[in-house]
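Two complexes are shown next, each including chain A; its partner changes from chain B in the first to chain C in the second.
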Partner chain A sequence: MLTTSKESNKIRKYRISQWAFLAPAMFFITVFIFVPTIYVIYLSLLNWNLLDSQPRFVGLSNYLYLFQDSNFQTALVNSLLVSAAMILVALPIGLGLAVLTDLGLRGSKVYRTILFAPYVIPLVASGLIWSLLFNGTGGLVNQLLGVFRISGIDWLGSEPFAMIAVIVVTIWQFTGYYMLIFLGGLQGVPLALKEAARVDGASAWRVFRYVTIPSLTPSIFFAVIVSIIQSLQTFDQVYVMTSGGPAGSSTTLVYYIFEQGFGMFNIGPATAASVVLLLILAILTFIQLRISHRWVVEE
Partner chain B sequence: MTKIHPLSKITAHVLLILAALVVLLPIYWMVISAVEPNADILSTVVHWLPTHFEPGNFQKALRSQPFGRYFLNSFVMSAGIVVCQLITSSLAAYALVFIPMQRKRSWLFLILMAMMIPMQATFIPVYLILSKVHLINTYFGLVLPFAGSAFGIFLLRQGFVSIPRDLVHAARIDGASEWRILTSIVLPNSKPMLLTLVLLNFVFHYNDLFWPLISTNTTNMRVIPVALSYFLSQEAGQTLQWNLMMAADLVSILPVLLLFLIGQRYLVKGIMGSAIKG
Partner chain C sequence: MKSKYLATGAAIVTAVGIFTAAGHTSTFASTGNVVNVTFWYGIGGQLSSDVQTMVHQFNATHPNIHVTATYEGSYSGGGPEQQKLLAALAAGNPPDIAQVEVNSMGVFALSGKLMDLTSFMNHSAIDKPSNFLNGMLVSTEWNGKYYGVPLNRSVPVLFYNKTMFAKAGIQNPPKTWTQLVADAKKLTKGSGSSKVYGYGPLVDWWPWESMVWSSGSHILSANGTSAAFNTPSLNHILSMQQSLVKNGDALVETGPNYWNLMTEDFIKGKIAMDTDSIGDAAQVKQGVGSKFKWGTAFMPSDKTLNVPPGGGDMAIMNGIPADQLKASEAFIEWWTSPKQTLEWSKMTGYLPVQKAAVAEKSYQAYLKQNPQFKTAIDELKYQKAAHPSAHLLDVLQYAMQGLQGIFDEGLPVQSQMQQAVNQANSLLKG
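This part shows the complex of A and B:
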């Protein structure tokens, strides 16, 4: 009898400390993440302009508005374009750089430091530097293109160049980050497997293709998902370099939400677009959990 | 890993040097533009070295706006977030790792959900909530939304699981409270992870434009990224002072670049760690 009451006493003590220790973090996470998530869904069902009208329940009509708004479509397409560029350009280059800096060459550490550096620079600062480089009249990019007799591209002020410039900055900023992700993955490649393949006479390329790449699959998958999530949040570069222009051609999803919400105070469409963003993120996270779970099981 | 053909070695170096040049060129361009007269910056021919020096650019740029105040705001905000997250995340991570509890998986799932919801999708309600309690355009408004962090909890949890459980059990048998075990055993044994959290967080929030742009609206509450973003739009219509802008840019990124060079080991470990966990 005595032991059981002692036992249950212990359990009660654990439960109290569990709640006490989780409470501060969960308080802030609830107030600033979970409540706003539910709130944003609720707001997306209202017609509400902060400046004049009283909120009015309108059901799903904000979503209907979105899918008829060509600016929203452009924003969605642009966000997907950034994702595609990251997956097709930044990730392969990042993987290549990871492999190269993992060869044990002299100076590998220095290379890594330099290649990763853009990631720690504020995107705003990068955006300003690249605004100068992309300047239509006498920026470095046009000077260099002049060598090839290409001249006078108004990078930040014309379609589709403004969006291309935004994508270039994004690639420059994040490629080093993906290099690091892949370097982390490369550390997990069994060395014995590589040695064995090499002893069996496999060429460096074949070792890379049939040993390294398969063991990197989890990192590659992680990088793809993260790069999409990151791309969907593209804002700073656009805000600094193009303000979404010309004529809305370089607007991204988050920039659209910002403009609708804080430029025009159209809370309805802004929050409906936020919900669309949340839905895409939820689907991606679900896929990621599913697949990483499968890998864990396979191992 | 042992023997690489000399030719492959050279190819690898060439490729790496090329990549490094692409990364460094914009940074180099910022540096030389920062010390040039404005008229020299934009031209039709490439010039790799400045022909005239104007070291006074830095002074001029920093005096054009209250940059001291901006730096102060950035530091107060970033440090505030770092301190809050250290406290809330280490408490929560401790509970998840060392306190025997039911429904641990549900808690982890909840925290994982929180991690996937970005401020960019919820900023409108967050703004409305904070303006209800009159915290818009205050330090509290800048810090509180990030005071609890799912990422921080996961990161510290990873560090905590490598601490031998016997150490914690022994302390418990000796009658130490959970709080004591956390402060005198767990935290001192996870300094590298704590440092990683501090560095990642500081850099991330020092660099953050989005929330400060939304939640502050007066000059005296501006942080560095917001101030930089206004540089372009403020001067619209006039001749852009690119040299002053680049000077301000350079000074603004120095703190994070320095932190990165000093604490590279920890930053890198944190980023790699977050990926391996998946």
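This part shows the complex of A and C:
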């Protein structure tokens, strides 16, 4: 009996220290994430401009407003387009570059640095640089296209080019980051497995397809989740390059939230859109976590 | 163990105490002999240093007041200064004075967050309402009360290239939109990179407000619960301009820098006419130099001439301490007095706000040399503020999107304006 009580004492102490260690993090997460989240949900039920002393409770009508607002639909579609572009274009390019720089050819370290560089540049700065490149009159992009007798594309001021320009910049910005994630994954692929496959007479492609890729799945899984979250949060590029225009055609979800909230003082629809974004992210993450075990090879 | 926890706890409590105490001392230190006033403004670049010059002068001549002016990012609708002011007001920690964009003034004034300045202005020798130029106070008067004093003010005017007008055999600048369209066709010359376009529409809600009124229409219904601008007469004005674009007689600038680009098109002689802020006249004057002659005229109008105010006003936040309020009023009186408003005007190109300033000999001589500014001074009396509505900024935003659809993308005028009306209505009724 004596021993068990001693043990339960130990356990109790252990529990207390667990909570003590958790407390600081819990405190900040509560103050900066949980409380604001609940407050945002509350705001989304109001008709308010942050200024009036009497906010009006309107129930779910802000959500109804969102689904009738064509700008919100455009924003939703655009955000998903950025996600799709990241997964279908940026990730494969990142993987390809990772494989190339992993070959250990001469100067690959230099290339690695160069390719990663865009990610380090603040998005606002790269947005400005690309605004100049995409300038409709005399921008470098149009001059290069001029060589192929394509001329006069108003990149930042016409549909659908404004959104395409935003997507191009986003891909340019983040591809190097994914390359680095994959590079980390590649360096973790067990050499023994590769050699064994080679000894068994597998071609380079088959080694890549059946040894490298499966070992990379945790990295790919991570990259897919991160890229979706990043692309649903697209804001800076839009703010700097197009201001969501023309006629709202390059608005993304976060830009929509910003514009409703701070451009138009519509706190209700802005916070309702934030809640919708939170739900989308939560659902996507949940789905991915649920299905990940089907294709992610954990060691 | 326990004593250790206690010690740590005590240390934390002491630390917090010290911080709080430090916070208090710094707050109270200001209420000695010198009253500290905070002033947020939102005009950057050269204009920001102009503001600082003025504030420095004020502080040097007022030993009992110290104004700290900070640039908070652009004050335009949705700009960083406005965002910060919104957040600061919501948090109950605003500055004493803030520059408020004229078109947003109603939204802020109606919220009750701005000090009612009616009594102060009525009793002030300098800021008496009758001292201001006619039309200057349209942006600051809401429901019969004044909530702001004009700070940096402008109006939209028609800029036209006199040299090109003479070459095309046109005597006078257009007075109506119909005339403008006819002139633009005559003024369009050449092709390729040397092509000159007759007109460059400013795809913005600001001149659009003037077009709405000029067509005899209203932005909102009388009770403010619905948008009223989708009328055949407004759409006619827009359609005429749209067809100029479609026929290659007008050049549209797009993207976030559309406004600057348009001003530069005029300076470069790529467009013969545009509607622009008188606040850009200084830039145009400097850019054009002696390359060609140019002038300004009233905004074209088909039925009634009305123009929206532009720029910003100074407002005092509600609930600041009495000392700060007094000091803020002194600062505002100093800034708007004829001497300073003239100095500010010459420094920046914004309009002087007081009658006495315009009447001064030096300014009259200045107007003789720069007749472009006289147009704006004369146009001031046609200023009109849009309907006071908590949703005005939304309505303008949706209208602007409609305009982008019309001019940037060539979409049908009627359906674009109808869409803007629908979007606005869903908020106005909500």
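Keep in mind that, in the parts below, the second predicted complex is superposed on the first by the 255 of 299 C-alpha atoms of A that agree within 3 Å, B and C clash if a C-alpha of one lies under 4 Å from a C-alpha of the other, contacts with A are read in each partner's own complex, and residues count from 1 in each chain.
Simple rule for what comes next: a contact is a pair of C-beta atoms (placed from the backbone, for glycine too) under 8 Å apart; a residue touches a chain by one contact, two chains touch by 3 or more.
As the structure is a computational prediction, the values presented were derived from the model and not from experiment.
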Given the touch rule stated above, what does A:S131 touch, chain B (first), chain C (second), both, or neither?
-> both
With the two complexes superposed on chain A, say which partner A:L277 touches: chain B (first), chain C (second), both, or neither.
-> first
Kindly classify A:L88 by the partners it touches after superposition: chain B alone (first), chain C alone (second), both, or neither?
-> neither
Contacts of A:S53 with chain B and chain C, given as first, second, both or neither = second
Is A:I287 in contact with chain B, with chain C, with both, or with neither (first, second, both, neither)?
-> neither
In the superposed arrangement, does A:V240 touch chain B (first), chain C (second), both or neither?
-> both
Does chain B (first) or chain C (second) touch A:F262, or do both, or does neither?
-> both
Larger contact residue set on chain A - chain B or chain C | B
For chain A, what residues appear in both contact lists, the one with chain B and the one with chain C?
-> 131, 240, 243, 262
Interface with chain C, chain A side, in the complex: residues 47, 49-53, 58, 61, 65, 68-71, 131, 136, 154, 156-159, 162, 240-243, 245-248, 259, 262-266
Interface residues, chain B side, partner chain A - complex = 1, 4, 8-9, 12-13, 15-16, 19-20, 22-27, 29-30, 33, 41-46, 84, 87-89, 91-92, 94-96, 99-101, 107, 111-114, 116-118, 120-126, 128-129, 144-150, 152-153, 178, 182, 203, 206-207, 209-210, 213-214, 224-225, 228-229, 231-233, 242, 245-246, 249, 252-253, 256-257, 259-261, 264, 267-268, 271-273, 275-276, 278
List of chain C residues in touch with chain A within their complex = 77-78, 82-83, 86-87, 89-90, 107-108, 110-113, 252-258, 390-391, 393-394, 397, 401-402, 404-405, 408-409, 411, 416, 419, 423, 426-427, 430
Can you name the residues of chain A that touch chain B in the complex?
-> 14-15, 17-18, 21-22, 24-29, 31-37, 39-40, 43, 93, 96-97, 100-101, 103-105, 107, 111-118, 120-126, 128-133, 135, 137-140, 143-144, 146-147, 172, 176-177, 180-181, 183-185, 187-188, 191, 194, 204, 218-219, 222-223, 226, 229, 233, 235-236, 239-240, 243, 254, 257-258, 261-262, 267, 270-271, 274-275, 277-278, 281-282, 284-285, 288-289, 292
